[in-house]
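The following pair of complexes shares a single chain, chain A, combined with chain B in the former and chain C in the latter.
Entry: the complex of A and B
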């Protein structure tokens, strides 16, 4: 930490503000923004975890733009903050690629031009239906639909090169996303994806809400990570307003977070097998997944673990019998899961399909800012449960180096075991006491809340003013990782795309917000 | 041709969907599922015959006539099989395949192009295998079970998996257009045309199952009881194969078919040497 601060001082970046124990804000002038970001990016070896603007024109007369980095050694979040009065700000995307999508987002939501960002296209508000207005500005009134435009995909030309459009309507039960393949025969030479079809304006909807109703909305951002999202949100509220959570509540949150990981990891193992036509283990996996979701329903009343998190704690307690049931069922699921694992490893035809398929190198993963599960499969060892342990004890971070479909599968296989181990530990040490604070008063403040969902870090940056949300920035790991998928499928053949896609299993809704 | 022959072929056409129904039922039971009844293919066909037909605005007459050509080619293949002309059978089937591939390209859908290209890629390997296997059985005279007939039947079995778009070559159950081979070609079909194409596929499957028996031991097709029992055994084998394997990577299929080709070649050699 001292060394870091020294380095920053040497660069002339002095004003440092420390809030909420582990959030460090560096307020810099627009001219210093890029050097400060570059310094943090280099010193912390962190991608841009989040970057967002805030409309502060009514109180300060300017927009504020923050870029957030994580210091895994320092166990702190670092934000570089600049005030932007005008219609433009300096882009950092050419130097730090992971800022690219965030800058495009700021451009379309706030109308601030990232000067120097080579990609001027829209991100979520499609030209076909949207002509004007910047939704996240405070003076925004309503959406305007415009004439049908065209989205320029990157053209790939050459003899025998074809463009194959797939989606946004897909044959399976998945979200909508458009994939534009450029293929030369079967090999994929370029893949561009386009999203925004499930854009609901969540961040705008959150503005002006009170803490409790916003918690409900946060569960709907990405259905399969409902608990992680509400957890990240609630932690944000608690940190912003100094609300204490009883220890038992914290432990229960840990258990539920791991339960969410369990059912999602099993489901993915099954669908990876199904996508290579290996239907037997897929059927096995669907049985295990069903058992786990039925367990969720038994314990909490919700198969997707919704309606549990509240600012200040949780709403569902586990009594002695429930804990016993939980341990028995997870042990049974582990036995079934190990058998599933054996079936997969015993099948040469299956391993032949997943090995070397969709490989994403560590270098590329780092450069593109791929994080979470997909990142760990490529050797990017970031797990927020390790950086900020909280109730976790001795968590083993699972990672692989190869970054292929098999690696992403193996990370899931091992994380399942680790999650069960953590559930057992948490259940064994479950302290007595209240599960939520008695009186939760939400005042004013700003903070970052986070949770390591099964997909990766879910981040909520929140500002409350007099109990109402003024700005909420949500980052689902999918937003970082879709780019990784486009890079991973290059040089693979078209029929292998579905299994590559399923091995990332990214959220459309979490990306589109 | 006698009326009896025509009736036999029509019976075969009528009974062919049942094989797929049985295979699907066994597969589902193996995967801890109940699955639809064995007559489900008939219900599907009845549904399709009743439904409205839609054609892409980019498609031509080719797409409309292809289902009839395909069904016609498979029906005449059945006739040639009854007549014992197995070489003509292979070429008549190729005719149907050729038109199906054209119809895959016709509506200008991106998936159809993939399907046609993949199907023709496999076909280039499949036809020699079938011809060699048939040739081997012709050389050995086709009496009792011999080494050559077992080899030829094994080669034909592998070819059948490919011809009937089964795992590990193709996957009939998938919804993933990008991975399809046969299904991708017929994605744009609906209603009666789709029903005709599916009916043709069922009959083609029955023909290939029968061919395997003919090559292995002609006695199996001489009595109706033996014939039905052998069909059931083959259905079980196919169901087990499909459930226990993952689909191969597209270009690996070449190795698979190459192996089938070697088997067929060995069958010819051993038949010629009289082993």
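Entry: the complex of A and C
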């Protein structure tokens, strides 16, 4: 921390405020924004975890743009903040690639031009249907009329190069996205993905809502990570408004978060096998997943662990019988899961298909800002449960170095075991007491809320004014990691794309918001 | 014993795991109906027009060995050209309107549209958004809506079976 402060002082940047225990905000002039970001990026070895704009024209006369980094040693979040009167701001994407998508997002949602960003294309408001208008501006009412355009894909040219367009409607039962493969012979030489097909305008819809109804909506951002999203959201509310959560509530949240990880990891292990045509373990996995989701329903009334989180705690308690049931069933699931693991490792042809397939090197993962599960499979050892332990104790962060499909599979296999261990630990130490605060008053304030979902860090930056949400920035790890998939599939053959895709299993909805 | 033998032995020891469904009794009858009216197979093409992914997860679960939708002759197919029905989930995001119409056009006649999940009915929680074109029935003629957020595999199986019964 001292070295960091020294470096920032040397650059003429001094931390101006520390809020919510561990959020450091550096208010800088637009000219200092890039040097400050570069300094943090280098010193913290952190990717841009989130970057977003806020329309503060009515109160301060300008837009505010913040770039957030994580200090894993310092156990703090660092935000560089600049005021932008408009209509442009200096891009940092050429120096820090992980800012690229965020800058494009700011451009299409706020109409602020990232000067120097080489890619000016829209992400979610498709040129073919959206004629104009900046939805996240406070004075936005509806789309302005005007001519519609076309989306220019990056052309790949040369002898024998052809394009394979896939989607948005895919062959499987899966979300919509468009993938354009440029292929020369068998290997993929470029993959360009286009998303936004499930764009629902969640961030705009959250504005003006009260804390409780926004919690409900946060569960619909990414359905398979409903609990993580509502947890990150609720933590944001609690930190912004100084709401305390009873210890029992925190422990229960820990248990439910791991339950979400369990059913998703099992499902992915199965689908990875399925996508190389190995259907027997896939069927086994789907039975385990079903049992775990049935357990979720028994414990909480929801197969997807919805309607549990609320600002100030949780709404579902586990009595002794439930805890017993929980432990018995997770133990049974573990037994089944270990057998599934054995089946996979017993098949040489399966291992042959997943080993070295879709490899993403650590260097590339770091440069692209790949985080979460996919990051850990490439050796990027970031796990928010370790950085901000809370109820976790002695968490073993699972990681691999090779970054191939097998590595991502193995991270899941080991994380499953670790999650079960954590559930057992949390259940054994479950303290007595209330599960939620009695009187929860949501006033004004701003804060970042987070949760390490099974995919990776889910972040919610929130500003409340008099109990109403004024701005909510949501970042699902999918937003960071889709770029990683595009890099991982290069030099692989098109028929291996499904298994590469499944090994990342990123959310379309979480990315598109 | 090989690993596979062990697993199969364990499964056999546990017995049949398929969840009983109220329609189970009439399963044979339904199978006959599907056989007669849909040449032994009722094929569904699934389309996500903006769902959060929970509906997809439950639809996939409906095909797992516990619910085993396929045993009634109902299965999900990769192409709309093979499909008797389209199962649509999610509110219809403006970006998906064209793809949804094109998928429908690619299906051979006669064809049915089924919507699943609260969002698909009228936009659900996303109803008032600037980027939602509406529920599925704002774009295509919907024969059956399956409620739920998301509908459970059991609800899905029952609803699909009731549809086939009703139509035949």
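Heads up, the rule we're going with is that the second predicted complex is superposed on the first by the 507 of 513 C-alpha atoms of A that agree within 3 Å, B and C clash if a C-alpha of one lies under 4 Å from a C-alpha of the other, contacts with A are read in each partner's own complex, and residues count from 1 in each chain.
As a working rule, a contact is a pair of C-beta atoms (placed from the backbone, for glycine too) under 8 Å apart; a residue touches a chain by one contact, two chains touch by 3 or more.
Note that the structure is predicted; figures quoted are calculated from it, not measured.
Asker: Please work out whether A:151 is in contact with chain B alone, chain C alone, both, or neither, and reply first, second, both or neither.
Answerer: neither
Asker: In the superposed arrangement, does A:353 touch chain B (first), chain C (second), both or neither?
Answerer: The answer is first: A:353 touches chain B but not chain C.
Asker: Go through the superposed model and pick first if A:496 touches only chain B, second if only chain C, both, or neither.
Answerer: Once the two structures are laid over each other on A, A:496 reaches chain B alone.
Asker: Answer with first, second, both or neither: which of chain B and chain C does A:135 touch in the superposed model?
Answerer: second
Asker: Please work out whether A:186 is in contact with chain B alone, chain C alone, both, or neither, and reply first, second, both or neither.
Answerer: first
Asker: Which chain, chain B or chain C, ends up touching more residues of chain A in the combined arrangement?
Answerer: On the superposition, C touches more of the residues of chain A.
Asker: Would you sort A:280 into first (chain B), second (chain C), both or neither based on which partner it touches?
Answerer: In the superposition, A:280 contacts both chain B and chain C.
Asker: Applying the touch criterion given at the start, work out whether A:97 contacts chain B, chain C, both or neither, answering first, second, both or neither.
Answerer: After superposing on A, A:97 lies clear of both chain B and chain C.
Asker: For chain A, give the residues common to its interface with chain B and its interface with chain C.
Answerer: Shared contact residues on chain A (touching chain B in one complex, chain C in the other): 171-172, 280, 283-284, 287.
Asker: Where on chain C does chain A make contact in their complex?
Answerer: Going by the criterion above, the answer is residues 2-4, 6-7, 10, 17, 46-61, 64-67, 76, 78-80, 90-91, 93-99, 103, 119, 124-126, 128-132, 149-150, 152-153.
Asker: Which stretch or stretches of chain A touch chain B in the complex?
Answerer: 162, 164-166, 171-172, 185-186, 273, 275-280, 283-284, 287, 347, 349-350, 352-353, 357, 493-498
Asker: Using the touch definition from the top, list the residues of chain B that touch chain A in their complex.
Answerer: So the residues of chain B in touch with chain A come to 27, 30-33, 110, 113-114, 117, 167-168, 171, 173-179, 242-252.
Asker: Over in the complex, which chain A residues touch chain C? Could you list them?
Answerer: Interface residues on chain A, with respect to chain C: 124-126, 128-130, 135, 140, 142-143, 168-169, 171-176, 196-202, 204-205, 216-217, 220-224, 226, 267, 280, 283-284, 286-287, 289-290, 293, 303-304, 306, 339, 342-343, 346, 507-510, 512.
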